[in-house]
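Read through the structures below before going on.
One chain, chain A, appears in both complexes that follow, with chain B as partner in the first and chain C in the second.
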Partner chain A sequence: MGVTVLQPYPLPEGKSGAHIIDHLAKRLLSLGATHAGQFLVDCETFISTPQHGTPARAVHVLHNSEYPASTFSIIDNGNGKQVALVADSIFDLLMLKMTSTFTSKKQTKIESRGARFEYGDFVIKLGSVTMMEHFKGILIEIEYRPCVTLSYCWEMIREMLQGFLGINVAKEYPTYFTTQTIMNAMGQQQLHAKQNDIYEPMDTVKQYLEHFTNYRKHVQIHGAMGGGASSVGTVGGGGPGGVLLPSSVGMGGRS
Partner chain B sequence: MDKLNLTLTAVKNLRANVRQCFEHLADGTDGEGVDESRNKFVYDFQDRFGAINSQLREVEQLINGLQVPPTAYHLGNTTFLAQETSQDRQALYPQLVNSYKWIDKVHDHSFLAFNNLNQNTLRRSYNYCSQKRQRLPFSSFNNDPDHIEKLLSEINHPPHTFYKVFRPFGSNAVAMVTISNVLKAAIVFKGVLIEWVTIKGYDEQLDHEDLWAESRYEVFRKVQEHAHSAMLHFFSPTLPDLAVKSYVTWLNSHIKLFLEPCKRCSKYIANGLPPTWRDLRTLEPFHEECRNS
Partner chain C sequence: MSNSVNISVETTCENQIREIAYDGTELYQPPPTLSESLAKCAARIDFSKTSLDNIKKEEKSAAAAADDDNKDANQFQESLWPWDAVRNKLKDAYTEICVLTDVISIAKDKRYLVLDPLLEEPDDTKPIVQVYSRKKAISQAAQVLLGGAERIRNAHSEQRSRNVSDFHIELLRLRQNWRLKKVSNAIIGDLSYRTAGSKFGMSGTFEVTKAEDALDDENSGNNTGGSANSSSSSSNNGMQLKASSALRVIVPSELQGVAYIKVITQKDQEDLCTAQVNLMGHGQNLTAQVGVWQKTLEFAQNVLFCKELFAQLAREAIQLQAPIPHVVIGNQIRATLLPNIQLIISLCHSTSFDSSQPAPINDHDHVLEHSLHQLLREVHYKNSHHPFPHPASAPLGPSKKRMLAGPTAADRDALLDMTKTQTILEQIIAQAQHIFMRKRTQYVLDTLARDVKDPQIVSHWNAMNSPTMSCVKINIVTHGYDAIGRTSLVIHVKERSLKCICRDGRVMRLSYEPQELRDLILCQINSHQISCLVSLARCMAWTVLSNSNHLGIGKVEPLGNASSCLLASPNSDRMIAVQIRCDPQIDVKVYIARSPRQDFFPSPLVPEKFWENLGGNFKEVRFDKIEGKSFLNKMEFLMASLTSNTA
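Our next item is the complex of A and B:
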């Protein structure tokens, strides 16, 4: 288990997602990476039926093919407070029994699937995000397995990402790691920099949820604005930089 | 030649007779029938003495009959026995001096060779060490069990490094080193000599039941390779304490294994690996491919 970072890949106009993924896969293979199976991360959201004026709560149930025996669930009370739970895969059946209190929002079922590559100790997943069979974008997952804290290996991961994606990745830690709030001993929420913590599989799942939520929001904006394809590149804090030519950013250390 | 042979035989006979005569005298009488035996003894002696006299005369006659040989006899190597032995004529002295110089040189050269071979620190076999042990006043193996504990506690380690010493193999210690959240290492000691090093990831199991299993991550397998070569580099049977201290200092430099780019190419990743090599003196990070070029 190592540090995982998610990086949305901005879709250049006029190119299909499958084409881009194909292109990135070819680039990885020529770098020396090996194809190592497929992966799937899915997310289903249940909304509680409001009772006696309590606000509706959402339960996100996620599966990650990297941890096939587990079901991850995150309860979101709507004002930023999240409770995370890792359970056996039988948790899904439990959710089915709770239809009286939690109803599934089938139309927001979202997933990211694609090919999985290994390069040295890196695991790189080229995921295409789909919601209700509609293609939403490309989400790259990169994991550096030997390292357990982001602050140690962020520069390595960044160099790797810039190398094979050919885009500029911001020098700052990804927003997930810098904007976490935790409960302190006094029961107050405070900002906690997560980049020095030991990474856990739950962090990967939370990052996926963050990005999935962004994609869902984008749909709503998209629907409201009646077509905003140009804003795709800014989804998920992908960094201010535009698309660089791949040849201008060499793969680190390969020279 | 015949005459000479006859004479030599005669001399031999004379000697034998004289010897028998003296043996007879030494034996004396047997002590019974005093007069009879005494008379017999005297007669016997007279007989033998007469025989000696006649043989002596014979020898004298034969010697007088010998002629001086006209030429020297060919006697093989024995001829040299009677030759001139003056030092000046034999020319022995210069040869002696030469061989003395030669032995001196051999001694010098072998001394230098011995010193040079001693510096070859890559030899760690039992023989080598046990030979050293006889010569040196200290012993690398039979150390006070508390010594290694004291040694490790004396090492100035950064606050992020933790040591745990335990002894699963009797008196020999194993030190478990945890360097920040980066890696774990098991250093197996034999006395104060480092015998083996295993490097594993922070999230991997490293228990004392299995100190020899390799890490599942490529980067730590590579670091272990480098750690072994460094172990040989720092190996010094004469100053074992210093060797351990410098080795541990070197190992501690891995705290920034993923944090520092290669000093040479200023990149983080080469062939999917971070700079795994740390320079033995400066502790600077290098990729394996970059360190020698």
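Our next item is the complex of A and C:
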């Protein structure tokens, strides 16, 4: 378990997602990486009915094939506060029982799926993001296993990304790691630099949620403007009736 | 007569019909007249009952009967009979009463008859008879008491005189140490490890019986097991114990005797190390308190344990797929640790009680012995103890680590590691391999330390290590120059390989060949000499012109390369060149050059005189003749002697 950074890859015009993924995979293999299975990260959202005074609360339930025995969930209370939880896979069954309070928005089930490569101390995953069978974009995940603090290895990860992706990666830390102001124990506001914290698997999942939310919002924007080839069907509730993702138990399920 | 209505009064009951005439008329039996009914009643009187009422009734009836008799004397002759009896009895009664009256009147006169109260006469028994009867009763009671006291006295004296106590005390001691239960008439015990989690099929039940006479003990103790009669088979290790116990235990025939498991590491028919695994000598020393049955049962339990261990190992040996397959022959298992090194595990079970036991092999490996015991005990423990799931509704089965894997976001490698289990045989092979590697490494280091005197090789072995890994830290120092420099490296000794970590961060993985480690240490000695020389030169104010750890000069050596160093004196009039090769012996060559060169002669090509300062040829120094205890010492002296005193 090491520092993981997500990098969305901008799709050039005219090329399909599968073609790009192929191209990048070939690059990695020629660099000397070894193909090591598949990966899957998916997210399902449950919304509570908004009552007067309180905004709607959302529960996001995520699975990551890198941690097959766990289910991650984040509660968003509408006011910007988020509570995160790492639980056993049996948590999915618990959510089934909560259908009275939380209804599942099956249309916004989003996942990132693709091949997984191991390159020395790096683990690189080329993921294509799909929402209800519609392709949304390409999300690259890179993990540097020996280190647990981003500030020590950010430069190296950036160099690696720039090397095989060929795009320009910004010098600043990714948006997830930007310095935030938090209240410390004494009630004062304090600048907290996230890049110096010990990295946890929950951080990976939170980054995924951030990117997935972006993808969903892009869809909303596209849907509102009436354009975009891949943006049909979220607001209108289209697509086939969603199947609830089965709880991911067992280690070999996703590899 | 007035006009009165005739009222007929009839009795309800009809009279009995006496006769029916031929013409239909019925002759009724007339109802009994009053006198007849009276006669019937009188006949029913029971004169044996003397009660006042009856007597009055009798008088009345007697009077009535007398009147009636006068009336009906002729007609009813039958009625005279009841009245006759009545009359006689009344007559007798009257007579008696007259007599009584006479007696009372005479007694009242007090002249001829006196009424005196009757004295209570005492029992007509003689006192002597009473004494006799009492004496007999008391003597009987005394007999009972004496008999009881005699029994208790006998029991007490038995306890004090004999070594072995009563059967029940022995049974109590037996029950304190072993599990017993009563099945119909027999006492059955269990000496297997079933309650500890063992799943072995062989039953370990033994029977407890009362001991026979002491003589029978001695005679039947000579018979070895397997006999059907219940008074034999006390296995007391071949020694004729004088003290016999009040109870005897009978163990099944397959558990009799003494067994142990022998573990030998063999290198081409040569015994390197041996281990004996058995349970003797473990547990509390109970033999002082209890009888011979404790030893019997302990031996039998030991046999059972060894059999289970061997059966488990044999089963695993057949199931496991090893690169060189394990061989199971009879009661021996052969496994290959390393090429030419074999591990032999054999089950030795001797049922004959010969006192000449084979002399214990001196090279005991207690670690392997203990390990095998612990491994089987661990298997038992896992069978009986299952980790409890939290919450209680979670499935029962996964270990605690696996249950926490979800909430702690364990990744795929960690989960895969959790699924890997090792059998007992694999574990003991790994441990034996490690022991062997460690011994080999120790041997290599010790011989090197003995052979190489110049820099000293100091090895510190970690006191804490695991059964499959040990660490040793090696310091290479030159005596007297420890502050100048020291080369350290850490070697991790694993089961089949070594990992060497040098101070500069290089990690090298070596195989099990001892020569590789030797070569590595020699190379390290090489680089140690040069690096210490560089530090020494700095101390002596000599300039290090260059040094190299791997010169590519000279013939290709089987082992590494030469390392070298080039030094210049403080005022640059001397140069020293040192070359160290690590052949099988460390070979040092030292050359000196001086400048200005002595053999410079101006020539037409090089006319100026100052070219003589360019430095002369290097001449070899006979380094072995230089004074000094070690290489660094000699170099120090050399540098000191070559340092000139010019200002």
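Just so it is clear, the second predicted complex is superposed on the first by the 213 of 255 C-alpha atoms of A that agree within 3 Å, B and C clash if a C-alpha of one lies under 4 Å from a C-alpha of the other, contacts with A are read in each partner's own complex, and residues count from 1 in each chain.
Heads up, the rule we're going with is that a contact is a pair of C-beta atoms (placed from the backbone, for glycine too) under 8 Å apart; a residue touches a chain by one contact, two chains touch by 3 or more.
Just so it is clear, the structure is predicted and the values come from calculations on it, not from any experiment.
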Clash or fit: what happens to chain B and chain C when chain A is overlaid? clash
Once chain A of both complexes is superposed, is A:47 in touch with chain B (first), chain C (second), both, or neither? neither
For A:120, select first, second, both or neither according to whether it touches chain B, chain C, the two together, or no partner. first
Mind working out whether A:1 is in touch with chain B, chain C, both or neither, as first, second, both or neither? both
May I ask you to decide whether A:25 touches chain B, chain C, both, or neither, giving the answer as first, second, both or neither? neither
Applying the document's definition of touch, where does A:89 land relative to chain B and chain C: first, second, both, or neither? second
Of the partners chain B and chain C, which touch A:201 in the superposed model: first, second, both, neither? second
Look at A:163 in the shared chain and tell me whether it touches chain B only, chain C only, both, or neither; answer first, second, both or neither. first
Please name the chain, chain B or chain C, that touches the greater number of residues in chain A. B
Which partner does A:70 contact after superposing on A: first (chain B), second (chain C), both, neither? second
Of all the chain A residues, which ones make contact with chain B and with chain C? 1, 251, 255
Could you pull out which chain A residues touch chain B in their complex? 1-2, 32, 119-122, 144-149, 152-153, 155-156, 159-160, 163, 198, 251-255
Complex interface listing, chain C residues touching chain A: 394, 402-403, 405-412, 415-416, 419
Within the complex, chain A is touched by chain B residues 181-182, 201-203, 215, 217-220, 257-259, 261-262, 265, 267-274, 287
Residue ranges of chain A in contact with chain C within the complex: 1, 65-72, 86-90, 200-202, 251, 255
